[in-house]
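Here chain A shows up in two complexes: once beside chain B, once beside chain C.
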Partner chain A sequence: MSELDWLVQLTGIAIALAAAPMFLGWVNQCRAWLQNKSAPHILQPYRGIRKLFHKDALIAENASRLFRLAPYIVFGAMVTAAAIIPSIATRLPFTQAADAIALVGLLATARVFVSLAAMDVGTAFGTLGARREMMIGFLAEPALLVVIFVASLTFTTTALPLIAERLSAQSFSLNPSLAFTAVAFTMVLLAENARIPVDNPATHLELTMIHEALLLEYSARHLALMEWAAALKLFNYACIGFAVFLPWGIATSHAPLNLALAVLLLSVKLLLAGAGLALIETLSAKLRVFRAPEFLATAFLFAVLGLLVRLLLGA
Partner chain B sequence: MIATPLTVCLLLLGAWCVIGIAGLLRPMSIGFVGRTLFPLGALCGTALAAVAVAGLDLPAEQLTLPVGLPDLPVHLRLDALSRVFLLLLGAASTGISIFAAGYFRKGEGTAPGLMCVQYHLFLASMGCVLIADDAYAFMLAWETMALSSYFLVTTQHRIAEIRRAGFLYLLIAHLGAIAILLCFGVLQGGSWHFTFDAMRAARLDPLWAMIAFCLALLGFGAKAGLVPLHVWLPEAHPAAPSPVSALMSGVMLKTALYGMIRVSFDLLGQPIWWWGLLPLALGLLSALYGVVFAAAQTDMKRLLAYSSIENLGIIFTGLGLAIVFAGVDMRAAAALTLIAVMYHAMNHSFMKSLLFLGTGAVLHSTGERNLGHLGGLIHRMPWVAWLTLIGALAIAGLPPLNGFVSEWLLLQSFLFAPKVPHAFVNMLLPLGAALIALAAALAGYVMVKFFGVIFLGQPREPSLRKAHDAGIAERIGLAWLALGCVLLGLLPTHFIALFGVVTRQLGVGGLPPSDAPWWLLLPIPERQSSYAPLVFFAVIAIVVVLSIYGVRLFYHQRVRRGAAWDCGFGRLNSRMQDTAEGFGQPIRHLFQPFFAIVRELPSPFDSAPKYRLEIGDRIWAGLYLPLGVLVRFAADRVAWLQQGRISTYLLYSFVTLVVLLALAL
Partner chain C sequence: MTVLPLDLQILNTLAALLLLLSFAMLSQRRIVSLVNLLALQGAILCIATLLLAWRTGVNHLFVSAFMTLALKVLFLPWLLHRLIRRLGVYWDTESLLNLVGTMLVGVLIVIFSFGLAQPISALASTATRNSIGIAVAVILIAFLTMITRRKAMSQVVGFLSMENGLFFAAMSATNGMPMIVEFGIALDVLVAMLVLGVFFFQIREQFDSLDLKHFESLKEEQ
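The block that comes next holds the complex of A and B.
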């Protein structure tokens, strides 16, 4: 591994860290436009995070050390995930250390810590949120794994960069198994990132929310890290989607021109994905919490269907 | 006698027996039994693990001891498979024995000295199961194991429920033992020699081989708690004192896996591929069934017992898959799967023992087993809480701990399934991976419930504020097991090399050679699927540390403590937290068909409203109760023979003699 590889790796992480809140801002902006509202500035999430860092942390009397450590662990997990996912280049030094299954495990680790931290203070909302988050998680995680499994069967590896590389070497064609799994993946993305129809990122109505209930007791820098991690999670999921379904344009070598092109194409993909996400959120209504498992069971079944189609048709 | 590894193992097992019997010298003395004998037992465990692992790639070693009945010497054999399971026994029991040294207190059922005998006999008999090389020795050790653990389960025999649990355990253990006995009967293949060597040499025709396999699955499946033979497990494991629960869940269940591997890969020779589908299907069912029930439990030890059913289900799923691969001669895949199976067994013995011991410490400190009366213990018992957290994260299959490694290996081996040259089967097998993923994700749910309800939040009872942390011996025991979880998680290639020796010695074949560095797990080089837990962990740790220091560097560190947000309604109290029932509610709701639920809701006009919820097992009502009725019916009919008059019995003897004479002529 040369210095250039490490440089590209670090650049990828830096892009993820820097661009994630902006991606969130872009989704919010698109949604506001679609809903005929005046949009917040695209940099609004940065301002929020900056403001939170400056505040005094207010921690519940009952909180243990786990509560204070969790935001750092969650943030660390999301940054590590950003290092694993090939966003601009596939030949990265760190990607060997963890494949797609490890990535799913890493996301699960973050979820478990968020939930444990929410239970730590011992309020009704925290435990309620933890329960719901884990409920969403235990259905979304296998669906995501099956999605990855289908891609792994197609390309006989679970290494995400290799999947991206091998798919991008093919010409674009509508692969039936990948089409099914793409639907499943989109549903998982919506559920895992607390978007409509599973959760509403804009609401603070306690009885319906999931993500906000988990973070209710957090303030200041801890909340800032949690929010940043949430933005990173959305960004990561988008990049997983690109790697598995739309890798074209990703740099398979570290020639400067390829990298520049990859960054450009990544921005275009993100802009389109953000607009698409906003469109889905505008067109659908939030489900009751107990319809969420049905939504995710559908996602799981779509993924399994994709698996069966893959095995039956070999495509 | 020459000091070969086998004789040393035998001496160590003998030492366990001696330590046990020494407990009878001063049976009531906690100081002598607890502070002296149990640590000695732990030392023997460590030595056993060291001896087992030291010469792992030596060829198998045999020994014939002229003890027992005349002309029936005891055959012993130490090969790589035995060594790996002895390592598991020794390493896990070390932690458990150290914990037990500080655990047993005065006034708990059986006298500590007696308990010490049973405990060490239990350990020694498990060791004997692993080195037995003929059916007699195996059955003798197997039955000693069942009986000694039965007495350990019924330590608190004054409680009717515990006696009932013990009876159920003994009953199913013996059903299983009969099946194993019959299995050996089939395996000797007409030679009437019951040494394992004779069984290896015997050529069975496919029908008899299949019958032997099914009997073995029945017998060892009963010990492993596979659905539908699982009913004893959630009763017996919680009834025992925590170190014993840990030993039963962590180690004893693995002897079932050992037996199954021994029979299907060693004694039967080449297994036929479709046999594997049976353990695969039962394993998947058990995995899902166990984890769903675990999510609905309110007793912490029952929750863990159901989680053991789940894990043994995962193990047997892998075993089935390995048999399928071995049957169709996909050697690398079979080796990988078998390694994943043994890895998971090793992992489970550490993490489940850790969790059971954690509950033991909680039980001692609070006297509560019901999750509904616990909470907030992380403040009062930080050692137990943080060490248990490691176990909980490990068993939830989260990287970089050990549970993830074996799940990763198992999922990797499922990726070979489409290559199985049998239509439909190769399409259905990958769905097994989807179910394993579901079970693993549910295990995460269960563990958040387990840890969150016990250790986090506010104490649900005022008495919990007086809880105290575990003593020094208990802490060391927990830390030993937690260390095992971490090492198994971070250094997978070393352990895989150990298990690879076993697969090669069993004739399954090994993993393809790879030139990957020691820190990189790359089981099948051509697939390029890799995982490097050390690097992975280091990166997370670096980011965490950097973000902590980054935040400190750029911003202030001011912290204020305040009351939790109560929406302006006044003081929150601990009753407002989610309960264990509440946490399990989504699972009950989603998997309703699994449960037999009895629920009594209060009416709005009750002055003293009561809410009752009972979660039953459909298999108990659907299978065991009718079976019980049937047995009782048959027994009643047979009881007609018992006339109670001596002349009738003499008549029976006379008729029998006449019939025998007639047959002899």
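The block that comes next holds the complex of A and C.
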């Protein structure tokens, strides 16, 4: 590993950190436009985070050390995940250190700590949110794993950078199994990131919230970190999707021109994905919490169908 | 990884879509959407038949594609929609198992039929032999759709979907049945549909409902 590799790796992490809130802002903006509302500025998430960093932190009296540590752990996990996922280049020190299954484990770690922290203070909402989060998580995770298994079967590797490289090197072919798993992945993305069919990110309504209920007790810098981690999570999921389904343009060498092209294409893909996400969120209604298992079971079914079609047709 | 020729890729994709539509029908609760899904399944079958006819040069497949279009995409869905309107049955909510359970049984059925079709695929010499498993799965899932529904209407849709599966199985195993058999089956389906249409009204007149559980009261008293 040369210095250049590390430099590109650090740039990649910096891009993820910087672009994640903007991606969230873009999704919010698109959604507001589609719903005929006046849109918040695309930089609004940054402003929120900056404001929160300037405030004094308030912590519940009976909060344990876990409650203080959780934001740093969650944020750290998301940054590590951003380093592992090949977003602009594939041959990087971190992306080769862990495969997709370890990545799913890393995301699960973050989820466990968010839920533990939410239960720590002992308020009703925190516990409720934690339980719902775990319910969604345990249903979404198998679907995500099967999606990754299909890609691994197709390209005989569980390493995301290799999957991305082999798919982008392949000549064009119709691939029903990858199409099915792409649908499954989109559904998992919506559920895991508390987007609309499962959770509404724009509301604090007690009966329906999941993500907001988890963060209810946090304030100031802790809340800022949690919000930033949530934005990073959305960004990470989008980048996993790009690596597995749309890797074209990702840099396989570190020539400056390739890297510039990769960054450019990544921003185009993010713009399109954000608009698509906003469209899905506008077109669908929020499900009742008890319908969420059905939604995720459908995602799992799509993924399994992809796997079966892959095994049978070899396509 | 070897890359298949494009027309075979399209055929495989269509086969996968057929399987997907079977699952959609299994999970669909509204009878109107169920009929629309059936029409869509027929349309995909029609496209697949056309493509196979063009690929293999078997001319009578063009005829059966046309027959599929006329019968399964246009006439039968139209007839079913008309029956739904006249009978006023728009809902069919009770399936016997819950949705997720039915889906899981469906997945097991797919695995089972893939295993079942493996020896047949090994013997067949057509380019589409890999799709036999999917065709068997479509048949069995349509069977499951019939088993899990109580209303006469959705059972008939399940029956028609099963016929689609049979047609697809014949197509992928031997490039289609002989013309005379296909005509026979098409006529059978058509007549069955017309008779069943009359039957619906009789059932409703007798029991005030299209729910087949009332048939259980037809047993002789012990």
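The definition used in the following text is that the second predicted complex is superposed on the first by the 314 of 315 C-alpha atoms of A that agree within 3 Å, B and C clash if a C-alpha of one lies under 4 Å from a C-alpha of the other, contacts with A are read in each partner's own complex, and residues count from 1 in each chain.
In this text, contacts are C-beta pairs under 8 Å (C-beta built on N, C-alpha and C of every residue); 3 or more make two chains touch, one makes a residue touch a chain.
Not measured: the values here are computed from a predicted model.
In the superposed model, A:214 makes contact with neither chain B nor chain C.
By the touch criterion defined above, A:194 lies against neither chain B nor chain C after alignment on the C-alpha atoms of chain A. Of the two partner chains placed by the overlay, only chain B lies in contact with A:158; chain C stays clear of it. After overlaying the two complexes on the shared chain, residue contacts for A:60 are found with chain B alone; chain C is out of touch. Shared-chain residue A:8: touches no atom of chain B or chain C.
Once the two complexes are overlaid on the shared chain, A:293 sits against chain B and chain C alike. Once the two complexes are overlaid on the shared chain, A:308 sits against chain B and chain C alike. Residue overlap on chain A between its contacts with chain B in one complex and with chain C in the other: 293, 304, 308, 311-312. In the complex of the two chains, the chain A residues touching chain C come out as 154, 170-171, 173-174, 176-177, 179-180, 293-294, 297-298, 301, 304-305, 308-309, 311-315.
Chain C makes touch with chain A in their complex at residues 1, 3-4, 6, 9-10, 12-13, 15-17, 19-20, 23, 27, 99-100, 103, 106-107, 110-111, 114, 130-131, 133-134. Across the interface of their complex, chain B is touched by residues 53-54, 56-62, 64, 66, 72-73, 75-77, 79-80, 83, 94, 96-99, 101-102, 105-106, 108-109, 111-112, 115-116, 119-128, 130-132, 134-135, 137-139, 141-142, 145-146, 149, 152-153, 156-159, 162, 206, 216-217, 221, 225, 290, 293, 300, 303-304, 307-308, 311-312 of chain A. Across the complex, chain A is touched by residues 375-376, 378-379, 389, 393, 396-399, 404, 408, 411-412, 414-415, 418, 426-427, 430-431, 433-434, 437-438, 440-442, 444-445, 447-449, 451-453, 456-458, 520, 527-532, 535-536, 539-541, 543-544, 547-548, 551, 554-556, 558-567, 572, 574, 576-578, 582-583, 585-587, 589-590 of chain B.
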